[in-house]
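Order of writing sets the labels: A, B, C and D. Residues in every chain begin at 1.
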Amino acid sequence: MEKQTNSKELGFGTQASFGGQRLMNQDGSANVKRIGGPFISASDVFHQLTTMSWGRFLLLVLCGYLIANILFAFGYFWAGIQHLNITPTGSFLYDYLECFFFSTQCFTTIGFGRVNPQGISSNVLASVEGLVGLLSLAMATGLLYGRFSRPRAHLLHSNHILIAPYRDNKNAVMFRIASTRRHSILIDNSISLSFGYNQMDKGVSKRRFFFLNLELDKINFLSSSWTIVHPITEESPLWGMSHDELINSRAEFMVLFKALEETTSQTVLERFSYFVDEIVWGAKFDSIIGTTAEGKPSLNLNLLNSWKAVAIN
Amino acid sequence: MEKQTNSKELGFGTQASFGGQRLMNQDGSANVKRIGGPFISASDVFHQLTTMSWGRFLLLVLCGYLIANILFAFGYFWAGIQHLNITPTGSFLYDYLECFFFSTQCFTTIGFGRVNPQGISSNVLASVEGLVGLLSLAMATGLLYGRFSRPRAHLLHSNHILIAPYRDNKNAVMFRIASTRRHSILIDNSISLSFGYNQMDKGVSKRRFFFLNLELDKINFLSSSWTIVHPITEESPLWGMSHDELINSRAEFMVLFKALEETTSQTVLERFSYFVDEIVWGAKFDSIIGTTAEGKPSLNLNLLNSWKAVAIN
Amino acid sequence: MEKQTNSKELGFGTQASFGGQRLMNQDGSANVKRIGGPFISASDVFHQLTTMSWGRFLLLVLCGYLIANILFAFGYFWAGIQHLNITPTGSFLYDYLECFFFSTQCFTTIGFGRVNPQGISSNVLASVEGLVGLLSLAMATGLLYGRFSRPRAHLLHSNHILIAPYRDNKNAVMFRIASTRRHSILIDNSISLSFGYNQMDKGVSKRRFFFLNLELDKINFLSSSWTIVHPITEESPLWGMSHDELINSRAEFMVLFKALEETTSQTVLERFSYFVDEIVWGAKFDSIIGTTAEGKPSLNLNLLNSWKAVAIN
Amino acid sequence: MEKQTNSKELGFGTQASFGGQRLMNQDGSANVKRIGGPFISASDVFHQLTTMSWGRFLLLVLCGYLIANILFAFGYFWAGIQHLNITPTGSFLYDYLECFFFSTQCFTTIGFGRVNPQGISSNVLASVEGLVGLLSLAMATGLLYGRFSRPRAHLLHSNHILIAPYRDNKNAVMFRIASTRRHSILIDNSISLSFGYNQMDKGVSKRRFFFLNLELDKINFLSSSWTIVHPITEESPLWGMSHDELINSRAEFMVLFKALEETTSQTVLERFSYFVDEIVWGAKFDSIIGTTAEGKPSLNLNLLNSWKAVAIN
């Protein structure tokens, strides 16, 4: 009952079953623990700072700004507040706050001047802080541009992958995606769907990987939605598998989507996977395409995950 | 009378006729209403800010600058103008204006210093405004670079698509494009032309899509103009269609242009479409290539839309 | 004597001979005069500002800085120098210079504060100038990055194209290129060579274009030099042409080079052409590869244009 | 004993043996000395500033900042410290330091204002320094973004290339690579392996280059490690070569790795080479894939270079 068709190498190896764990998390990241290797790199930092949420990013910027000024303020305080050309009040809080606000005026290069450095140590600190401020601005600029210009597919995909009835008394694997872009269309879209499951080989469980043939693996324009269909024919590794066999073999469907975003001419990629829990046996997607009252085509993204149970062949 | 040649999937679906509405607007955007999905994303904002006109963009920048300063000025006014180290005049307008101009000096990080913050609330506001100013500058930098470096084809295309006489007693569909770039040439240019129309199938109107064969679908250099020609042969879905049939079937010609821009090595894309009203039955383009008085080749873009009526075969 | 082999469309049209003028200038720009079309676009400006020489670019930046400050200084002067909080001297030159230097302090957002605006008109001017200064900085940042990161092949090519003896008693067209990159290698290099000349057709001179077959049109790494060779076989449009025929037919060789630059992973392009005057009939390139005293391979770029006359077959 | 299979041109030429020196250094740079050509270009500078280590880069920025301020400070001192609106102390050190710190306040555009220019020469210097400061900031922004966004493979490769036993009583050339990326996966990975060695031809040593067939030259995802295998079959140029022959012929294995980085959709490249000293005759890699205590797949990068000696066929 094994059909090793179009078995291309995926890069996951074939020798280990890894206890039936999924190899790709649903968000597309690899489910592999790395031991050793470089601790952290500038690219890693840049990657994280450009992909984290806006809220977290702005919080980090604010924290960085606060921490830098708190530290420099201690410097100015240590150098002596009288070297900032103001009379010490004797109160730590008041004097420290003067140092802190002076520091923010240095860091942002505002430099009002009521409070201003006189003497070598304060001046050295102010010169360094000005440079640090400028380099921080330079970095913030790069990060903001990196965040804004990052190529993103902006796809939604159905939460489940369905085993649905198909023509010629066959069944098919189906999931669907939709573009949420309002102002541009994705061009030259392609999908590759791969399938991994555990197979007993002489008493040892081995994980095997296959590419699944699709009814259609390329479309020119993605302006609305696209249902991807793998017909379960005799050539499919899924041919003859029951629902229980799918679950027990820890089946995983991995998707790689590629397209060309027209405004920026960037290639956009999206990866995601469906694991045991996300497979629905015997179901059919509801239509999400309709027409508005004025007769204009409409796409209802709220129905993307909408399906009804049906008998399969 | 139907020839389903090279019928590749375009991504528009085939099941609905959408009341004969065009699927792609003439500017290339999709004529689809989206229901649900994410409200707005940072990419959408970036996309709009980098593609809007320069006038609108600069107006937005100016408005943002005004609004930020108006709000911060209220903050300083509320915190007490005496904490900006100036004597209140008692006049709201005068005092508020002092706050407003102080705010602009914070936001731009000029910081003259005649007016300067003293006291916690003013100083906190000034520290925050300095940071907001820097981040705004960072964002403006990214947006300006995004606007300048956006890959653009800079094509002109004829307003109409012509049905013109062609060799061997046939007719052809023709439109033409021209590059308006002054200092660089487009390389590896390619065109794909697709055709959609409503067809009666067992009493139901269905929309069908086809790719049309072109006499030439790739040229190496586009330094002047290019007339794209689809010969209406027996294999064409247009074979035997009359002018009325074209109009009644809500015919639409969709064009996708790709090229490589040589200075930036960016891929440039351009999409546009011709709908019922833009089809001219029986016409021929006038030549737009000539020679200047000094014998240098010339390209007259003013004649791009120039055609004369002729009898077709 | 005409062999219309691999005649692909170049995009120059075939109907006009243009009085034997070259179609591509030696620097790769098109020799076409454009009439009509948009006057100028932001992309054109960006293109020019990123491709002009560094000297010219810095001069332009300096001029822009001077002009902006000269104009704003007139504004401050007109608004009244007493509104900059300094006592007028009565001397136009002295007072105007104070305005001018104040303006530079606004534009650069330094804002020392000895001279500072008081009153509405001066303050409005200063607020606007601060914004203009920031936007200019944003633009300068984009332009500098655009200049630095522009993908460039950094090729040298021989000034002449040679007609040289070749094996099997044939001749060949030869030119050579070399990379001047010190720290990176070009990958996946490819060359396409096309040939245009005027041909008499029923008494009318028509310009014809051909792609020329190359002995080798792709190499994996370009770390030193590469001699490109078109063997003049029976299939070549140059077969049987004499030196005089080449000159009289206004022959032009057009070259398009593509490669992948490894540090930035950018595609780099280079175009250039050889016209009548740059063809040498009967010559052979001198070798530019040698070994240093320590036995290390060496590449002598000073010899790139070095050739000696030889008899051809 | 020579099998000139799939001998594609690498771009290194074939005529010179270069005294058996390697053509590609282990870090992938070309081992060629260049004579003549342009002295240095802006791209070269940008390339070096974006690829040097962070420590060196920040040191350079600091040095540039110091040098600029040291020079401008001399300018202000020469113009007369009284024109900075402060009373000269007569001590060179004190007065020069005032000038120096004033200069840093100009360069960073802080501009406190206690010290401020009055008189033409000081004002001209301050205006120029403000502009220089802004342009330096613009440049630093571009450089930082260039450093952060540079496409990098982040690969580790084994230090040695092994001649290992292979199935069917044959041997194979093997080396292995691993991705050190934590948050993204490389897509569409491909490897090309080429082989160069000196061969005696009529008493003259000539260097020959070959592409080696790989058991697998493409994998879809690189989330862990990949062992690249060239089976030494009858078609291989290595067929029948002994260890001594490999060494005496100055054998060199050159690797080019290409992939698509998913977050930025950038193509990443990596080149490296193995020379005589890095070839191990008769060895086998230890496995670096295991499972953690929780049953999760793990990749131990510390074992990447781990191999044990074995007998070969």
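One rule holds for everything that comes next: a residue touches a chain if its C-beta (ideal position, glycine included) is under 8 Å from a C-beta of that chain, and two chains touch if they have at least 3 such contacts.
All values derive from a computational prediction rather than experimental measurement.
Chemist: Can you work out the rotation angle that lays chain B over chain D using Cα coordinates, in steps of 5 degrees?
Modeler: 180
Chemist: What's the call on chain B versus chain C, same or different interface residues, using the half cut on shared numbers?
Modeler: Because under half of the interface numbers appear in both copies, chain C and chain B meet with different residues.
Chemist: So, comparing C-alpha centroids, which chain is the farthest one from chain B?
Modeler: D
Chemist: I'd like to verify one number: the distance from the centre of chain B to the centre of chain D, where each centre is the average of its C-alpha atoms, in whole angstrom.
Modeler: 39
Chemist: Rounded to the nearest whole Å, what is the centre-to-centre distance of chain A and chain D, using the mean of the C-alpha atoms as each centre?
Modeler: Distance between chain centres: 27 Å.
Chemist: Where does chain A touch two or more other chains at once, residue-wise?
Modeler: 105, 109-113, 137, 141, 145, 150
Chemist: Using the touch definition from the top, list the residues of chain B that touch chain A in their complex.
Modeler: Residues in contact with chain A: 8-13, 15-16, 18-19, 21, 23, 28-38, 41-44, 46-48, 50-51, 85, 105-106, 109-113, 116-118, 120, 123, 126-127, 130-131, 133-135, 137-139, 141-143, 145-146, 150-151, 192, 194, 256, 266-269, 271.
Chemist: Mind listing the chain A positions that touch chain C in their complex?
Modeler: 109-113, 141
Chemist: Taking the complex as given, what residues does chain C use to touch chain D?
Modeler: 54, 61-62, 65, 69, 97, 101, 104-105, 107-114, 137, 140-141, 143-145, 147-150, 152, 154, 156, 178, 180-185, 187, 189, 216, 218-224, 226, 260, 262-265, 289, 291-292, 295-303
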